[in-house]
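In the two assemblies presented below, chain A is common to both, partnered first by chain B and then by chain C.
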Partner chain A sequence: MVVGATLQARMREAGLAYLLLLPSLLFLAAFTYWPILRSLWFSFHDVVLGDSKIIWLGLENYQRLWEDRLFWKAFGNTAFYTIITIPVAITCALLMAVALDSKLRGMAIYRSAFFYPVMIPSVAAGMVWVFLYSASYGPINQGLRFIGMPDTAWLYDSTWALPAIMVMSVWKYSGYFMLILLAALKLVPSDLYEAARLDGVSAFDRLIHITLPLISPTLYFVVIIGLLHSYQIFDYVYVMTHGGPADATNVLTFYIYQNGFQYQDIGYASTLANVLLLFVGGLIAVIATVFGRRVHYLGR
Partner chain B sequence: MSSKSTFGQAPHGISRRSLLATGAATVASATFLRGAQAQAKTKLQFMYPVGVSGDINKLVAGMIGKFNAAHPSIEVEAIYAGNYDNTEQKVMTAIGVGDPPSTFLPINSALQAFIGLDGLADVTAKAKADDIYKDFIPGFLETCVSDGKLYGLPFQPSTPVLYLNKTAMKEAGIAKAPETWTELMDVAKALTVREKGELKRWGLTIGGGWHDWVFECYCRQNELVPWTKDKVLFDNPAALDALEFWVKMEQAGVMPKASTWEGSANDFMAGRTAMLYHSTGSLTNLRKSSSFEVDVAFMPKNKTFGACQGGGPIMIAKKQSDAAIEASWTFARWMTSTEVQSQWGRDTGYLAVRKSSWETPEMKAYLQEVPQAKVALDQSAYAGAFLQVPGYSKVREYLKSALDRTLAGEIKPDAALKEANAASNREIQRLLRRRG
Partner chain C sequence: MTSLPSQTAASPAVSVGAAPRSVLTALRHGWLHLVLVPLALLWLSPLLWILVTSLKARTEVFDPSAGFWPQVLVWSNYPAALSVAPFGTYLVNSVLVTGGILVAQLTTITLAAYAFARLNFPGKNLLFTLFLLQIMFPIYATFLTNFVTVREFGMLNSLPAMIVPFVASGYGTFMLRQAFRQVPTELADAARLDGCGHFGILWHVYLPLVKPTLIAFGIITVVTHWNDYMWPLLVTNSEGVRTLPIGLGLLAKSDSGADWTRLMAATVVVVSPLLLLFVIFQRRFVDSFMHAGIK
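The block that comes next holds the complex of A and B.
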């Protein structure tokens, strides 16, 4: 009798869980899973925006992708962007968070100041940086001129355009990561620091041996979020350079957009999207196995 | 009686049935009224881009207001859609879901793309019954023709022209605009200003973003139309010669490696480049917003003068009611009427599409005052349509990428053009396969 009652209770609980999940499941199915399946199907076809005619191609789109110089360039640009910006942004965020995790007066103002870039809409931020980077009247070049450096057309120079966007992106995202890390720092028990201090452990060692391990779950989270962000950069590229000059800032999401909407080549855009999905999924799996295992959960 | 119980019950003296009947009648009459209104007023959308430098939005809004005031049975809603690319994307997406805007203004190169989607109303018969074939300048009308059928009315044709900072030229002791490529190089050298190795002013800028359009003009100046209906000819020696000339100018330090469309116009107005290839549609803005005297010249020739048509026609969507198509035609016809074109041409610098527009007293007076405005019209005698191949938007990207990478020194001109040629023709073949 008792077993039956627990089973019934468990069933009821599961039923309730599914009921509560249903609305979000419906939305996910309609706007995420179904489009993913559809784009998988499209990638084996020749599909043109605005045209109902669909032609079976087999693997032709994938073969095209393999031979597409611009795909590899966009892929390389995206990877370069990710590999540099994530560690830099997270390091900046961590240093800011540690510096701001004190009980001094006016800290709230500093925190807001560093968080401020996150609140600016990305298109507006992009436009502001276009002005900052302007070759002739931009404040950055004016400053450099003052110390005797030559003018650089940051966003029109194929060497500097991508790094220029990366600098801006670090500025934009560090504050967000900082806020998350700051919340994690608050949860580190202060008696650990006190004990370490009594034992004469240096500030740097305290950071490495106490702070980092204890906020590692949050760091892990920030890395994953940062990775997803970096594969989604589109707005800055669209606003600031449109992928140019000479495709120096063309990244995968922008290239997908170009193919899908500018060239109306939905079949190929779907192929690119699938490859991106596979790649990001794979990358997250690698990070989860390598990094995720080292994460230290307090109290477990 | 509590308020709850009155709910659903008729007030005193009126039966529920009569109330329902009154309600139904009200709904019916409202529907009828709305129907009558819809019959009286046909609603149209006009989706348009801003493709040049200047306050085009205000001008278009003014024109639409005038049209609506003069046509009580039609209401046109103007939808600003960004640049030409954005406009085309929005229209194509709308065609895809079966709900296209009634009228739209794409770049003329998109003709084959829209025909491929079966998205355009054929207006040949309407145009023949009208004075279109008699009064429109044939070269402009030609950009809307495919297989002998007319698919729109040219509205804002343009060509690139060479803008010159006349004040800077006088200072450098240059009396006249360059007429050949060789002279162009010499003048650009003379106009480039560097102080202690630091650049103060470029001699020449080719408006980026549409530099492929200017490049086709350069090919035509070498007696090459770099495309036919089903392929491109970027690997032709005449195209290579043109690109090698660009590289020479870049390496001589008289021209930047890259620029943007709006940015280059701003640079010209601010005196940071002395000569500029840009659309004739930017004439009025460049002339009025520059602090110096602006001159306009033919693009210099090599073997011949050569140009190609930019700008776009007003096209009418096929998939809509006959009444909407009729109203759309009325609108397109009004936008390309003698007076409206004369005004639009003077306001922007776009070329009026009708012969009669050039004969209006206002236009004649304007040409007296601004003789530069006629340069592009004269030049259009040497102009043809721009890159009207299937998949032109991707082909443009291939070509632009080849030009950019060459000027950035990443690749040799011949390799770049060969690669762009192969990639473009593959894309064209893909789209032709869909039709075949």
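The block that comes next holds the complex of A and C.
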């Protein structure tokens, strides 16, 4: 009888647990897992938006992708953007965080000055930078003219358009990474610095040999966040350049949008989305194996 | 984290040795300020540009000899910006969509986190992995097929279309589960002896104790979805359902750089609600992003 009673209690507990999970699971299934599976399914078919007819293509979409020069261009732009912007933004963030970690007068003001771009909608940020980058009346060119440099049509120049968007991204996200790193720096015991300083270790060496290893779990975390957030370049490309000039700023998220929404080719767009997911997943896996082992955990 | 501008009072015996060190600290800080002030100004300059341009006359913007400050403050750019598009409707929609996502997420993560933190059931680890894996599938991997799904449900161009993909949050569930596990089980046991059921315990014991986590998560959710651009852009196509960022983007497109003063005034209107909240509750915002990290 006792066994029966506990079994019943256990079943009731499990029933309650499933009931509590149900709302989340329903939406996770419908809007995260089902779309991933469906995107895989679509990539083997010819799917046109609004047309219920679906034709099996096998690997044709993937073959097309392999030969699509614009795909490789968008892929290269995405990789370039990701691989340069994230380390640069994190380096900026780290220097800001280290500078603000000392008990500095006006610390809250500096912190807000670096952090506020995170609060600004990407569309507003993009627009302001279109203005800042403007060739004839933009303040950046006015400043450069002042020191005798020639005018550059930043966003209309196929060499400079993508780097210009990258500079803007660094401005937008460094403050976000800075806050997370600042939280990690607070946990580094100050007696470690004190001991090193007394031993005559320079500030630069203290940063490289004490600070960096001790906050490496957070640095690692920030890199992953940076990767997962990098899709937001879609907003900037959409607002600032629309992929141009001559596809110099066409990145994968934007190319997916063009294929899916402008050409209504859901099958090929799904193929692109799968490849992007694989690329970001692969980058995360590489980072996890290369840096994951070198991460130090302090007393955990 | 509090900034202490001056040295705290020390006993005379210590202050003899501390005097040269405080000078050193002051020197080092002076050097830091020398680097940080220009950097902070550089970071603030786009915001300054928005504000200054929003008060200029239209022709001043294109005149290189006009100087940085407006000749006369043209406040009329603001009413002009607000009358050119239905910003009131956009604002209401933004509030409804962001509020809807916030309420839905807080509900789903509270229920799920309680199950993961305090109940035993078969398949717990597998299901928890399924929740966590959501973090690895951001919107770029799902927006296309989610658009097809939302279209099939006939929900395109409606406020719910902007809410439904974000109702469940794997990361939020994870955060809240961690917080729930910090709550001593004795408190829950005591409440149970007083005749509380699971929901009673959740409401009266757990939720009040994890308030900081709920607030941190809430702030990040609000900032993310208030500023969201890509998804609302895809699923809306009429004035009645557009949110503030979408409205601003449209205005920019139709103006195409012809009227920067009006556009910058509209930008001020769109960015100011969050920036004002940030200035007022700075501590809370900073703590949230510091410790809750991602979204």
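The definition used in the following text is that the second predicted complex is superposed on the first by the 271 of 300 C-alpha atoms of A that agree within 3 Å, B and C clash if a C-alpha of one lies under 4 Å from a C-alpha of the other, contacts with A are read in each partner's own complex, and residues count from 1 in each chain.
We take it that a residue touches a chain if its C-beta (ideal position, glycine included) is under 8 Å from a C-beta of that chain, and two chains touch if they have at least 3 such contacts.
Small disclaimer: the values here were computed from a predicted structure and weren't measured.
Trainee: Have a look at where A:A246 lands relative to chain B and chain C in the superposition and call it first, second, both or neither.
Mentor: It touches chain B, and chain C stays clear.
Trainee: More chain A residues touched by chain B or by chain C?
Mentor: Partner with more touched residues of chain A: C.
Trainee: With both complexes superposed on chain A, which partner does A:Y263 reach: first (chain B), second (chain C), both or neither?
Mentor: In the superposition, A:Y263 touches chain B alone.
Trainee: Report for A:S158: first if it touches chain B alone, second if chain C alone, otherwise both or neither.
Mentor: The first partner, chain B, only.
Trainee: Which holds for A:L277: it touches chain B only (first), chain C only (second), both, or neither?
Mentor: So A:L277 only meets chain C here.
Trainee: Where does A:A9 make contact in the superposed view: on chain B (first), on chain C (second), on both, or on neither?
Mentor: neither
Trainee: Counting only touches as set out at the top, which of chain B and chain C does A:L70 meet: first, second, both, neither?
Mentor: first
Trainee: Pick one for A:A195: touches chain B only (first), chain C only (second), both, or neither.
Mentor: Neither partner.
Trainee: For A:P150 in the superposed arrangement: first (chain B), second (chain C), both or neither?
Mentor: After superposing on A, A:P150 lies in contact with chain B but is clear of chain C.
Trainee: Quick one: is A:Y176 in contact with chain B, with chain C, with both, or with neither? Answer first, second, both or neither.
Mentor: second
Trainee: Do any residues of chain A touch both chain B and chain C, and if so, which are they?
Mentor: Shared contact residues on chain A (touching chain B in one complex, chain C in the other): 49-50, 136, 261.
Trainee: Enumerate the contact residues on chain C facing chain A in the complex.
Mentor: Contacts found on chain C: 1, 3-5, 28-29, 32-33, 35-36, 39-41, 43-47, 49-50, 53, 61-64, 107-109, 111-112, 114-115, 119-122, 124, 127, 130-131, 134-149, 151, 164-170, 173, 198, 223, 226-227, 229-230, 233-234, 244-246, 248-249, 252, 257, 260, 263-264, 267, 270-271, 274-275, 278-279, 282, 286, 289-291, 293-294.
Trainee: Quick one: which bits of chain A touch chain C in the complex? Just the residue numbers, please.
Mentor: Result: residues 10, 13-14, 16-18, 20-21, 23-28, 30-36, 38-39, 42, 49-50, 96, 99-100, 102-125, 127-132, 134, 136-137, 139, 142, 171, 175-176, 179-180, 182-183, 186, 221, 225, 228-229, 231-232, 234-235, 238-239, 252-253, 256-257, 260-261, 266, 269-270, 273, 276-277, 281, 284 of chain A touch chain C.
Trainee: So in the complex, which bits of chain B are touching chain A?
Mentor: 85, 89, 92-96, 113, 116-117, 119, 197-199, 208-209, 256-260, 267, 270, 272, 391, 393-394, 397, 401, 404-405, 407-408, 410, 419, 427, 430-431, 433-434
Trainee: Residue numbers of chain A touching chain B in their complex, please.
Mentor: Per the stated touch rule, the residues are 46, 48-53, 55, 69-70, 136, 150-151, 153, 156-158, 242, 244-247, 258-259, 261-265.
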